[in-house]
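Structures given as structure tokens follow.
Shared chain: subunit A. Partners: subunit B in the first complex, subunit C in the second.
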Partner chain A sequence: MTLSSLTFLFLFLPVALLLYLILPGRAKIYMLGIISLVFYAWGNPRDIVLLLFSVVFNYASALEMDELLYRRHWTLGKLSMIFTVIVNVAVLCVYKYSSAALPVGISFYTFSALSYIFDVYYDKAPAERNPVYVLVYIGLFSKVTSGPIVQYKDLYAQIRDHQVRLREDFGPGILLFLRGLFKKVLLADPLGLAFAQVTAVTEKTAGLAWLGVCFYAFQLYYDFSGYSDMAIGISRMLGFRFADNFDYPYTSGNLAEFWRRWHISLGAWFREYVYIPLGGNRCSVPRQMINLGAVWLLTGIWHGSTFNFVLWGIYHGAIIMFERFVLKKRLDKLPKVLRALGTDIIVFFGWVLFFSSGLGSAMRYYGQMFGSAGLGFWDAQASFILRQYFVLLLAGTAFAAPFLHNRYEEIMYYKQKGGFLVSAFLYLGLFALCIAEMVSSTYSTFLYAAF
Partner chain B sequence: MQYFDTDDFEYEDEDIQGEAQHFSSVILLAVLAAAVVAMWALILIRPDRSFSENENRSLAQRPHYALFKGNSSEKEDEMPSLVEKIGDGTDTEKTQPTGQTNKAETTLLQGIRSGSLFEEMGDWITDQFPMRDLWMRVSFTARSLIGQKEFSGVYIGEDGYLISVPQEPDRNKNEKTIDAVSRFLARHNDIPASIMIVPGAAGVLTGKLPKNAPIRDETADIWDFQDKLYTAAKAAGAGELDLIDAASILKEHSEEYIYYRTDHHWTSYGAYLAFQGSTQALGIEPIEYLTYPVSDTFQGTLASKSGDLRSNDIVSIYEPQNTDVLYYVNYPATQTRRPSVYEPDALAEKDHYTVFFGGNHSVVEIVTTAQTDRNLLVFKDSYANCYVPFLIPYFDRIIMVDPRYYYDNIDLTMSSYGITDILFLYSADQLLHDTALADTLG
Partner chain C sequence: MLGRWKIFAADLLRILALAAIILFLMVQFKGSRISTAAFEDVSGVVIAASGLPAAPQQAEITEGQEQAQEQTEAAETQEQTPEQAETAEVPAQAQEQVQAPAQPGDNQMFKRLYGLDPEAYDGVLLYYPTTNMNAEELLLIKLKGSSQEEIREQQEIVQTAMETRRQTQMHTFEGYAPQQYATLEHSVIDVQGNYLLFVSGDFAQQTQIAFEKSLAQ
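On to the complex of A and B.
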């Protein structure tokens, strides 16, 4: 079940919130464990075995490892950690590289589980004796399918010592959730339609190919950041505070900054558990390059099983190394807008590898971006598509920077008297529009009998 | 309520809402909660809708699961409440069934295990969502306001025209069709045949397309297909074969009402023009007709597909003048005879185009008093339904075969009816993308 489905919005979420709210104290966390299992089983009852295995295995392993370390069996403790990590990664790889369908969220919850193991090993957080708490950490329904990959050390206290602060958490949570829903349903999904129209054209002019990349870049951003906002918003309603997962990445001045703003939880995970343990940037330049290379290779592999993703990781890694070791701060004097534009071109260019089904089709697309179709830069077809989705593209661009959101909050909540009322109704209006989109996306006409 | 009278405005810390934002989210929350309750009240109180006319499909119904094996009769009509569902799914797994009479009904537990319960719940909620059609219109309106012109393969054209976007023909299927038709015509090379492939509105009503809309040249596809068919048929040893160029005939009238605005078919007037243009190939003399509109509220398949329900269409029928030929229509599959090719009952249904013959049938026989000693066999899709009535005064028998529903031996049918003329009458949309005709002809 996705967070942006009618079933979730009208059945699952209200029931989950109600159960959470009416139960007293500790029972809330146990109920969240049950609810999360039901959520995961909804739609894929078989895969839940794998999730349960991950929870039980990591729960037991962490306890064992903790015991060994407590008794100062350092080598055994380390071996136990390595074994646990290998099992986790092996399960992930088997599913990623076999033809079987990838169990929902396995890349995300496996990384959560690894964070638990590492944090216990490095003594950043205690091992947990209550298996339900581990279940809630790994499988909390709001984040189990698509993240954010919250690190154990940031979450365990919120589970063990769960605070219910409705006044502080419920309101911001629901607003963030709704904004995420708007991003996903009103921007990402229609942009996906626009992108599909571009890819349906076999011979594209250069302009159309670039337009397609722009559609995809915004679709991906609003899809993923919208979904993250929904997940973080729901978690907040349930009393968990996660850090932001996206921070207006398309306004970044260089690629390193982009990666501090895009899918922040994944970048943080790699920094915490790969880059820094390898020595980070407190070592020689060649060693730093190896460390960066490892991180970016892994980042690429994490995103998908095809070679395209490996190449995409290398592409980003190479440019980040170029920025750090060659460019240094030489471009920092340029206006921010120009640097952001340059960064976006680099990022957008990389998305082609991301959305293409194979290297061949990626190369063909790159060719078309530089006019290999021999149709020039623009044609009527490109006009037709641009005209249909121009407003959407404009909205996508406008909301990619924080300006509008900040102005909105300032006016509605502070400057304009009665603005809060207007704001509430604006949210409701957009929510109604989301329902319209969700209902119509299930609208399928059966036409065969009509012919 | 102590939340509301604090005066600690938190402008700086984004994590804590200011007073105004807090009020805003309280209002929002109240309305959303009310909306959820109202939505469930509507779903549960009203009986489920069983069929969506706009979508032309059955809607998912409330899932039925027995709570336990054996006591299904008590629980049959009770919606498994959410609390029960969550509770039963995880806690009461070990509860033993009390009764013995297992009616092979799925229990709640089985439903959860197989995932079918969740799936059916989801389908039920989305299909029975209150005001489904209204939401659909809201979505369509919002999208067309910001400029979207294509909805599910349908262009929103000028003057209320909805135009199906033609697809690239399937070359492999076309080769099969050409091969089968050629061999069939060679087997019956003593019988003259005609073929008419009708383009869709996109290639004809070019003035009605949205500006700059890319469109595949369907006419070129038709000509290409016909040329290949003609060459192949002649090479195989076929007899007389006339190609009727419906595309050119229709293009001369591209400003007139020759296609429905909301449906993928041509209008009776379009069919009439094509009939006028094909009399020579069929060796017949045209006569006078009077035309009557029978419906002005038709909303066809393209309206359903796109969600654009703004226009209506007029369905007309053509009555031949100065002819005393009588006829009846026989439907062998159901062994029914009808006095007319028109079925007025269809006008009470969604698809008014089925006023012609009540829709498609595997075989339709029209028996007339024309006494011309000519028996016509028509291989057809639904485009022929409003065209064939024009042919009634000219043939003793007209046999319409719709290959999509036909499973008999076509050569036997040919000889048992004493066929003297063959007509292939198809829309390009069907013939160039389908192998039903090849399967029928063998």
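On to the complex of A and C.
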């Protein structure tokens, strides 16, 4: 079940919220555990075995490791940690590299589970004695399918000492959820149609190929950031506060900054559990390069088992190294707009590897971006597609920067008397539009659910 | 002392969880191995196990068109001399064919019943019900493609088509032909890597066993 399906919106979510809200105190957390299991089992009941395994195995492992470390058996503790990590990664790899369909969310909840193990091992958080709490941490229904990969040390207190602040959390949670829904239904899905129309053209002019990349780049952004907003919004309604997963990444001044603003939780995970333990940037330059290389190779592999993704990871890693060790701060004096444009071109260029099914088709697409089709830069077909989706592209570009949202909040909530009423009607109107769109359009899943 | 028990209990839980997941993975991945067995060998075993008449036409789908043409020509010449056929001893095979609940189908029948393109597969063997009141059916498919991902994608498409076909048939018989309905209920859809089998009829189980054996060799 995806968060943007009608079943979820009108059946599952209301029932889940109702059950959660009417139960008293600690019972809420237990109910969340049950709801999460039902949510996960909804689409593919067989895969629940894997989620339950992850919960039980990591629950027991953390307890054992904690006890060993408490008794100062350092080597045994370390061995226990390594064994647990190997088992987790092995199960993930079995699915990533085999012909079986990837169980929903396995990349995301395995990383959550690993965060739990690492945080207990490095003594950043205590081992949990209540298995239901571990279940809620690893499998909370709002985040189990595609993150955000919240780190255990940031969440355990919110689970153990669960606070329900309806007044502070419920309203903002709903608004965030709705914004996510708009992004997904009104921007990402139509952009997906636009992109499909471009890829359907076998012989593309260079301009059309670039236009296609732009469509995909915006689709991916609104799809995943929309999903993240929905997940974070629901979590907030349930009393959990997660950090943002996206922060207007396409306005970044360089690639390193882009990665601090795109899929923030994944970047933070790699920084916390791979980059820093390897020595981070407090070591010699060659060593730093090795560390960065490892992180980017793993980031690529995490996204997919094909060589495309490995290459995509290396591409980003190489440019980040170039920025850090060669360019340094030389470009900082350039206007921000120019730097953001440069960063976007680099990122958009990389997405070709991301959306192509194989290296061959990626190379063909790259060729077309530089006119290999021999049709020149622009033709009538490109004009036709651009005209058809011009407004959508414009909206996609406009909402990718914080300006509109900030101005909106400023006017509605500070300058305009009664602005919040107007705002409420606006949200309701957009919500109705979303529903109309969802009912009429064919079912579409989230792109990131494939990772 | 208590701590040691804790470690022991946690270890026990881990071992149990590991055993469970290994078992689960073994069951799940039993059917994902890509077999190099030739389609002709597997189809031969499957036909023999099902007891359906060996069909010369089956080759039409898998082999080149020449052979198929030869066969249709042969069939035509047979048709041209009906008296001959009547007077001659009816071969055992043909007799079987008359009684058989399912008959071999060609590319077009495959397209019609399953909505799939036969060209997209390395091999297709189809037997479809002889009459509207039969629920016996057999479909064996060998997928094309070498990468795991391609196979995974195709597996899903073919499996869905097989399930849809089964549902359609069940829907047809529901309520008025309980025996046929039961036959379909006990039908088998078996996915083994690049081979998929759908078989409905009394012979379903024995066919499935033979099918899996032929791939294991």
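We adopt the following convention: the second predicted complex is superposed on the first by the 441 of 451 C-alpha atoms of A that agree within 3 Å, B and C clash if a C-alpha of one lies under 4 Å from a C-alpha of the other, contacts with A are read in each partner's own complex, and residues count from 1 in each chain.
In the analysis below, a residue touches a chain if its C-beta (ideal position, glycine included) is under 8 Å from a C-beta of that chain, and two chains touch if they have at least 3 such contacts.
This is a predicted model, so every value here is computed, not measured.
After superposition onto subunit A, partners subunit B and subunit C are found to sit side by side with no clash.
When the two complexes are overlaid on their common chain A, residue A:Glu409 makes contact with subunit B while staying clear of subunit C. Once chain A of one complex is fitted onto chain A of the other, the partner contacts of A:Tyr70 are limited to subunit C, with no touch recorded for subunit B. Once the two complexes are laid over each other on the shared chain, residue contacts for A:Ser440 go to subunit B alone; subunit C is not touched.
Once chain A of one complex is fitted onto chain A of the other, the partner contacts of A:Ala101 are limited to subunit C, with no touch recorded for subunit B.
Judged by the touch definition given at the top, the superposed model places A:Phe420 against subunit B, while subunit C stays out of reach. Residue contacts after overlaying the shared chain place A:Leu50 against subunit C, while subunit B stays out of touching range. Looking at the shared chain after the overlay, A:Phe390 reaches subunit B, while subunit C stays out of its contact range. In the superposed pair of complexes, A:Trp42 makes contact with subunit B only, with no contact to subunit C.
Taking subunit B and subunit C in turn and counting the residues of subunit A each one touches, the greater count comes from B.
Taking all C-alpha atoms of subunit B against all those of subunit C in the superposed arrangement, the shortest distance found is 6 Å. Once both structures are placed on chain A, subunit A residues 46 are touched by subunit B and, in the other complex, by subunit C. Residues 1, 5-7, 10-11, 14-15, 19, 34-35, 37-38, 41-46, 167-168, 170-172, 174-175, 178, 190, 197, 201, 241, 380-381, 383-384, 387-392, 409, 412-414, 419-421, 423-424, 427-428, 431-433, 435-440, 442-447, 449-451 of subunit A are the ones that touch subunit B when the two sit in their complex.
On subunit C, the positions that touch subunit A within their shared complex are 3, 6-7, 10-11, 13-14, 17-18, 20-21, 24-25, 28-29, 32, 34, 148-149, 151-152, 155-156, 193. Those residues of subunit B lying in contact with subunit A across their complex are 3, 11, 15-18, 20-29, 31-33, 36, 39-40, 54-57, 82-83, 86, 89-90, 112-115, 118-119, 121-122, 125-127, 129, 132, 135-136, 138-140, 142-143, 146-150, 152, 210-214, 264, 301, 304-305, 307, 351, 360, 381-382, 430.
Looking at the complex, you find that subunit A touches subunit C at residues 46, 49-50, 53, 56-57, 59-61, 63-64, 67-68, 70-71, 87, 91, 94, 97-101, 305-306.
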